[in-house]
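Structures given as structure tokens follow.
Heads up, the next two complexes both have chain A, just with different partners, chain B and then chain C.
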Partner chain A sequence: MSALVESRASKRAKAVALWLATFLLMAVICLPGLWVVLSAFRLNREILAKPPVWVPEVLTLLNFGKIFGWGEQQIGIPVGAYFTNSLIIALTSTFIALAIGMAGGYAFARYRFRGKAALFLGLMLFRAVPGIALSLPLFMMWSKLGLINTKAGLIIVYVSLNVPFTIWLIDGFFRQIPLALSEAAQVDGCTRWQAFWKIEFPLARSGIASAGVFAFLTSWNEFALASQLTRSTASKTLPVGLLDFTAQFTIDWAGMCALAVIIIIPALILTFIVQKHLIAGLTFGGVKG
Partner chain B sequence: MADITLEKVVKKYGALGVVHSIDLNIAHQEFVVLVGPSGCGKSTTLRMIAGLEDITGGIVRIGGRVVNDLPPRKRNISMVFQNYALYPHMNVRDNLGFGLKIAGQSPAVVAERVAEAADILGLSALLDRTPAELSGGQRQRVAMGRAIVRHPDAFLFDEPLSNLDAKLRGQMRAEIKKLHQRVKTTVVYVTHDQVEAMTLADRIVVMRDGHIEQTGTPMEVFNHPHNTFVATFIGSPPMNLLPGVIAGGAVQLADGSVVPVPVRAKAAEGQPVMLGIRPDDISPVGHGLSQDGPGAELALNVDLAEPLGMESLIYTRIAGQEVQAKLYGPRIVLPGEALTFRLALDRAHLFDAASGKTLEVR
Partner chain C sequence: MIRALTTRRAETVPLLLLAPALITMLFVVALPLVFSLWTSLTPYQLTKPQTLYTFVGLRNYIRILSDPAFWIPFGRTVLFLTIALNLEFAIGLGIALLINKITWGQRSLRTIMMFPMMFSPILVGFQFKFIFNDNIGILNNALQSLGLSDQAIPWLVDAKLAMFSLLFAEIWMSTSVFAILLLAGLFAMPRDPLEAAKVDGCNAFQVFRHITLPFLMPFAYIAMTIRSLDVARAYDIVKVMTGGGPAGRTELLWTLIARTGYDNSKMGLANAMAFVSTLLSILFTYYFYRKLITARRFMGGVQ
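Now for the complex of A and B:
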């Protein structure tokens, strides 16, 4: 009896220890993010106070007002234009990367052709190159082509960053779909094209959606290359816009954090969506007996 | 009329030949089973008929029309796949109606034909389920339903029962046979299971290594195999083959023992032969299928006996070679027991040892 109680107690202790360890780990991961969110609602002087003020005395929406030009305090940062740029660039590059990813992923999954393995390996190797290593050659080429400080220039860069990943992910999803399904559809009267859109596409949908969300987030969050290739409101994206809060001698931490929160929100929403789709992608079944 | 004709059909993958110039005529409403071991080209042949595989050479006709270059959708055939290939994102109703919808049939017609097929196959209660919610046998039925709703010229079955357990396989086999009797349509059915071939077929096509070894009704193929391959492939347990030489008008086996030449066979003096005899035709005296007619009696020792209830499968040796024999009746047989076996020579076969071809005179 006592052994039973003991084991129950030790089980509980183990669970508590596990929770504690998880909490600590998550705290380490999440704390900077939480601090950004918290700082977005604090006054600049409180953020800069020494010794630091851990528990905020006042929470305010002033920083957001400042950005969007509601309150008395205004700053000259065209957040609206940046947001529009970010949205256009991220959506367009995602759309193109998905279209290429679907065509490429399907081809890699379904067709045999010369140089297939080498091509796939090449694409994956391209993934391994750190984007920032390309910034100088890109800058030189883009300036020759007149693509510096254009949305199109950034879209091309993001498409090429994303395509290897979308191809790889979508290829995996198409591979999971038995070839017999497409064949059955063709015997049932479909053209190859119809079989793709009516059978294979719906089944790979969750994978395609995941690839799309990943591509969108990559473009949305990318800073290093965008900071090199953009100059003005014509093409600057939100992450680059964060830099506007640094002046020669001061940094408007509060404003920067507020803008960071605005950047995080769409990313956060999409992350939740991708989670759901990834799970859906893993559990789709009922094909084999 | 939807007869299917194959003329000198060849399939090659690069230099590798899979089907070597086969000729086959399948009559309207005939149930033909292509049977053979793995890799014999039977599935490839079926897929060439379906249009899922390019035809390297020769001509395929369906209903008199050359279909070599037609895509599957224009051949008016339907196919049941080994893993059923049900559309996982559609319920049973939509799976059944998919082909009709693609063909542009009105919703009323689709609903009517789906209901008809569901009724034939006992699927009416399952129409709103998805494939994931069905058992193996139910999925099999949906796959068959999807094939019949379109009223095609021919059904193609590609090893449809191989994913089912033994009991269900027997049930579904009977259902396929019933279905064919009800929906009279040309059927081409591929299997590696000779029991399915025997029970279902109007005509069996035995294939090996991309060639047709023999074509005939199940009983023809069983009773008059053209060669040793067909003889051992059709029938279970397989036919025993004993090597020997024709000497003095009889078959002399490896150990010198002599057995009369089977009744229907003819061979030249000194010719090396194979004596073929099914387990059912080697039985202890008084426990066999036929007691009269020409035969030979041999005293043999039982190595092993497998009782099956009303019969026992006996492993013994003739001329040093293991053979299987059958004892009919509920009698216990013990290993080591000495029994006199009777070989029914009116049902035995003789093959040329070199070519494997039958020496039967008909």
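Now for the complex of A and C:
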């Protein structure tokens, strides 16, 4: 009897420990981001206050107005232009990478050909070149070709950055679709091309979309290459723009926090949408023969 | 003869499909790497364009390989990555086992887990620069308000503390890659071997050591491969948080490359360093990729 009670008590202790550990974990993951978000709505003088102000007196949208140049108070950083650049560059490079990646992923998933494994590995190894190392020759080449400080220049780079990973993911999604389905369609008179668009593409659509989201975020978040290949409002992206704030003598923490929120929000929403497919794509893709 | 013809025709389709990918990679990665290799064999400086055509052989390589100013950041980078990757694996495994145990709200927890992975590294750097700031950072403010410390701790100014802060940011950002993939592994795990082991009298640790862990290894190697593809993202974090300072004490290979190439405009030297760092990254990735293939083969198509 007492043994039974004891085991129940130890079970409860275990449950509490589990709960505590989870709580702690979530706190470490969430609090830093939440603190930045909260600070984005505070006044800069309150952030700088000594002794610290723990409970904000006012929550304001002033910082957002300031960085976009809406209110009376303005700062000299063209965040609006950076935002447009980021959006154009990330969207364009994602669509091109998806088109190239779909063709490549389909080839890896559905065909046998010589040197397949080596080619796949080769693509991965290309992706492994550190951004800053790659930026040196690209900086010199793009200067010669007139691609420096242009959106097109950065788009080309991001396409190649995204292609290997997109192929990995999309290959995985196509593999999960039974070959018999497309064969059946071909028996019924479809060409392989039609079978692809009528059968395989609709089935892999959500997976392809999540590969697209991943590519979008890679471009949206990239810094090492963008910081060297862009110079002005013609092509600078948001992550590079964030550093504009630190170049000044006093750091505008509130402004930086507001800009950080602008960069985070699309990432969070998109992650939320695709999380399930992304995991499936990564674990089942690529290397299975 | 006919057979050979059909296989050849069968091979043109996939190669055609792969052509755009190959052309992009050749133009934007392979060609620049060749150019980078050539530049690394010249004393090229941005301020003296004609130096691009002076061939000096391996002089740049000999110079960096005999220079402690290169080896110290190099060693620091390797150490940084070793500590970060091992801790990320260990913590990620712990988190995966923890979330696997939880039945209520598991899905939400998993979603939250993924968020740091999607943060821009530059944002992670900024976030922790803000938190670790010695003057206005929440960490020092909290420690002082709670009376745990009577003076501001120089998190990003003291060399050792700065390394710790950088590691913390790096691990915060990337542990979820391991956690998510290992959790996917735990979900995919068949129940039968576990039951059988328990019937045969294995204790919890033995089950974990001999059944769970081997099953999870392919997933760990996927995570390792993905991580080794983008280890250089740590550059962004260091660039924002410390800029390689104080006095070069947190300089990693990548910040050294940027400083040599862009700030000092010694492109030849910087390209030599970049080539060494590229080889390092490729070796890392190749190693884990091979491991992944072997582990998969060893599992014999379980999944």
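The rule is simple: the second predicted complex is superposed on the first by the 261 of 289 C-alpha atoms of A that agree within 3 Å, B and C clash if a C-alpha of one lies under 4 Å from a C-alpha of the other, contacts with A are read in each partner's own complex, and residues count from 1 in each chain.
Note that a residue touches a chain if its C-beta (ideal position, glycine included) is under 8 Å from a C-beta of that chain, and two chains touch if they have at least 3 such contacts.
Because the structure is a prediction, the values reported are computed rather than measured.
In the superposition on chain A, contact of A:268 is made with chain C only, not with chain B.
After overlaying the two complexes on the shared chain, residue contacts for A:128 are found with chain C alone; chain B is out of touch. Contacts of A:188 after superposition: chain B is touched, whereas chain C is not reached. After overlaying the two complexes on the shared chain, residue contacts for A:202 are found with chain B alone; chain C is out of touch. Between chain B and chain C, the partner in contact with more residues of chain A is C.
Of the two partner chains placed by the overlay, neither chain B nor chain C lies in contact with A:91.
Touch criterion met: A:178 reaches chain B, while chain C stays clear of it.
Comparing the two interfaces of chain A, the one with chain B and the one with chain C have residues 284, 287-288 in common.
Residues 50-52, 71-73, 77-79, 81-89, 98-99, 102-103, 130-133, 136, 139-140, 146, 150, 163-164 of chain B are the ones touching chain A in the complex. Listed in rising order, the residues of chain A touching chain C in the complex are 18, 21-22, 25-26, 28-30, 32-33, 35-36, 39, 47-48, 50-52, 54, 99-101, 103-104, 106-108, 110-114, 119, 121, 123-134, 136-141, 156-157, 159-160, 163-165, 167, 217, 220-224, 227-228, 239, 242-243, 246, 253, 256-257, 260, 263-264, 267-268, 270-272, 275, 278-280, 282-284, 287-288.
The touching residues of chain A, when paired with chain B in their complex, are 178, 180-181, 183-192, 194, 198-199, 202-203, 284-289. On the chain C side of its complex with chain A, the touching residues are 10-11, 13-15, 17-18, 20-21, 24-25, 27-33, 35-36, 39, 95, 98-99, 101-102, 109-123, 126-128, 130-131, 135-136, 138, 141, 145, 172, 176, 180-181, 184-185, 188, 219, 222, 225-226, 228-229, 231-233, 235-236, 239-240, 254, 257-258, 261-262, 267, 270-271, 274-275, 277-278, 281-282, 284-286, 289, 292-293, 296, 301, 303.
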